[in-house]
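Presented below are the structures under discussion, each in the form of structure tokens.
Both of the next two complexes hold chain A, though its partner changes from chain B to chain C.
Presenting the complex of A and B:
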């Protein structure tokens, strides 16, 4: 493989597959021993069904870790950066979540690229008391 | 898969005395709707659609066309009058409206129609549903055509999705 590449982690929430930059994930593991208050269950990506695996994410502006609960972590992929595209301008302007930042073309199919820290921050903001 | 439909210019000569406006016509909401032809760059079949999380109903997803990811706009959803049935065979008109490039889906595509500008009439005075976005009403041999102000419609869609000043970070 030539040219710059992006290291991505692929995971599933419900029936859908998403991608995220590997560096945004601190670690991946079981959610069994994670305190409930640290779990991020329902997000803009939907709600997981199995709730067995977690991706530990550090938020942008907090010195805390949160565990995004997913159904399955498929693995990591090294993808040429030319296969990574931003969201179309109109779509970016219409989405109510800033966590979906673009697409990565895997085997010709577009897979949504997710900014994990933003996803976790949005969850915290929506859950915060008004 | 692509079906280029370059907007044509009206012919000179006999038509010079009756200048015609060219519109791109499609069937939607049980009627014939059109918008300014130069907005359309091509007509394509949708292919597989990728749905977006946290998207408004009028943005049912995106699809790839020649390596470019394009957003799909469902006008029927925007005006609250149902939705276009989306299949891989559904055709979409790719349009440029200011900074936005979107693929407008419809029940079927008619293509280019020419209507003498003097025959265009003001739209009905209604301000709800799709009538809110009409700029004129015309007629050709096949019947009446409602002319959409597509740039205003697209900008309104964007504004309704994310109220100004509260865009997602």
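Presenting the complex of A and C:
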């Protein structure tokens, strides 16, 4: 592989596969080891079913770690940056969440690229008491 | 009539004694001899029953011979007279006898014995005869009276005998008919007895076979109960083995859980290693490759443990099913033993009943054989009785005929006796 690449971590929530930049994830952990209040279950990506893995994500202030509950962490993948595309404007306008920043073509199939800290923040914002 | 006996032969020797003297005097008087010879001729005629001869006494010179000749002639005449009188008396007596006999015969022929005999002759010589005939008549009267009574009794008795003989003949006929029917029935009974004896023998044989079969059934049930006991014992052993297997499976599950946990953590570690390798960029490329390989191994382990878990689940389900099957086998074996026990009790009862049936059938067989023999003897006896009855029937008919004839004879006798009047 030549040229600049992007290191992505691929995971599944429900039936769909998503991708995130590896630097957004602090580590991969087990859900059962995490207190329930630190878990992020239902997000704009949907609700996980198996709930076996958790991707530990740092919030924007990096003071608190949140664990995004996913069904499966597929692994890491190095992809050429040319395969990472920004979200089209029309699609970005249609989406309510700002966590989806683009998509990456993997084996010819488009996989949504997710900004994990934004996703966690949106979940925290929506869950916060008014 | 002279009282001298012309047949006195004692006088002849005297005459003959005189002959020698006359012969001696022949020389003196040959005439005397000739006269004496004539007298002798007459006497010889008397001796021969000829009383017609007479001596010419006038022609005799010798006074002695003349007296003799005259005496001979007198004696002859007396004898002739006596004979005439005797003949006359005989005729009278004979006539009296004939009269008496004719009177008696007439009375007898007329049957009138009520009167007495009246003889026309009063000759005393007939008195004993008349008295005898009177006694005969009395005896005959008594006899006729008794005969009449006897005839009446005989008639009555013969009528009774005839009635009894007729009744006897009727009874004998009815008896012969009944005996014939009884004999025929006994013949049928003989056949039935023979059939019964054969059937009884067949029943006895079947009962023996049934008894043998029941004993075999008893043995089969015992073998079945033994098998049930083994099945139950085996089911208990299988149950124990299943329990041990279940424990082993649980132990394996625990181990697999541990392995799964380790694999899961290995997978997690490999993920984090790959993540860190990716974060490190090109420098962590090799690290990421190792991490990926480790993760692949961990995933293989997880996949294997998953399969093991599935197998354990299947084994659990199988052991559970085996446990239920084993419990079912134990229940079935127990039920089988219970049913076998019930069947054993039933078969024992049946066996006892069949034994009794077999014994009874054997006894019946013997009894029917005896019955058959007895029936044959009865049939034989009935045949003999029938023959005897047939003979008795013939005899009864003959007796009836004889009684009928006797009745007729008695009536005839009564009729005959009625002819005699005795009063």
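The criterion applied here is as follows: the second predicted complex is superposed on the first by the 129 of 130 C-alpha atoms of A that agree within 3 Å, B and C clash if a C-alpha of one lies under 4 Å from a C-alpha of the other, contacts with A are read in each partner's own complex, and residues count from 1 in each chain.
Everything that follows uses one rule, which is that a residue touches a chain if its C-beta (ideal position, glycine included) is under 8 Å from a C-beta of that chain, and two chains touch if they have at least 3 such contacts.
Being a predicted model, the structure only gives us computed values, none of them experimental.
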Item to complete: Would you mind checking whether chain B and chain C clash or fit side by side on chain A after the superposition?
Response: fit
Discussion item. Let me test your reading of the model: by the given contact rule, A:73 touches which partner, first (chain B), second (chain C), both or neither?
Written reply: second
Practice prompt. Tell me which partner A:14 touches in the superposition: chain B (first), chain C (second), both or neither.
Written response: neither
Discussion item. Tell me the contact category for A:110 with respect to chain B and chain C: first, second, both or neither.
Written reply: first
Discussion item. Let me test your reading of the model: by the given contact rule, A:27 touches which partner, first (chain B), second (chain C), both or neither?
Written reply: second
Worksheet item: In the superposed arrangement, which partner chain does A:100 touch: chain B (first), chain C (second), both, or neither?
Response: first
Fill in: Partner chain(s) touched by A:89 [first = chain B, second = chain C, both, neither]
first
Item to complete: Count the residues of chain A touched by chain B and by chain C, then name the partner with the higher count.
Response: B
Item to complete: Note down the smallest distance between any C-alpha of chain B and any C-alpha of chain C in the overlay, whole angstrom.
Response: 25
Worksheet item: Can you list the residues on chain A that touch chain C in the complex?
Response: 7-9, 22-23, 25, 27-30, 53, 73, 75-76, 78
Practice prompt. Provide the residue numbers of chain A that touch chain B in the complex, in ascending order.
Written response: 44-46, 85, 87-91, 93-100, 103, 105, 108-110, 112, 118, 122
Practice prompt. Mind listing the chain B positions that touch chain A in their complex?
Written response: 48, 50, 52-56, 59, 62, 64, 67-71, 73, 99-102, 154, 157-158, 161-162, 167-169
Worksheet item: In the complex of these two chains, what residues of chain C are touching chain A?
Response: 264-265, 268, 271-272, 274-275, 277-279, 281, 288, 292, 295
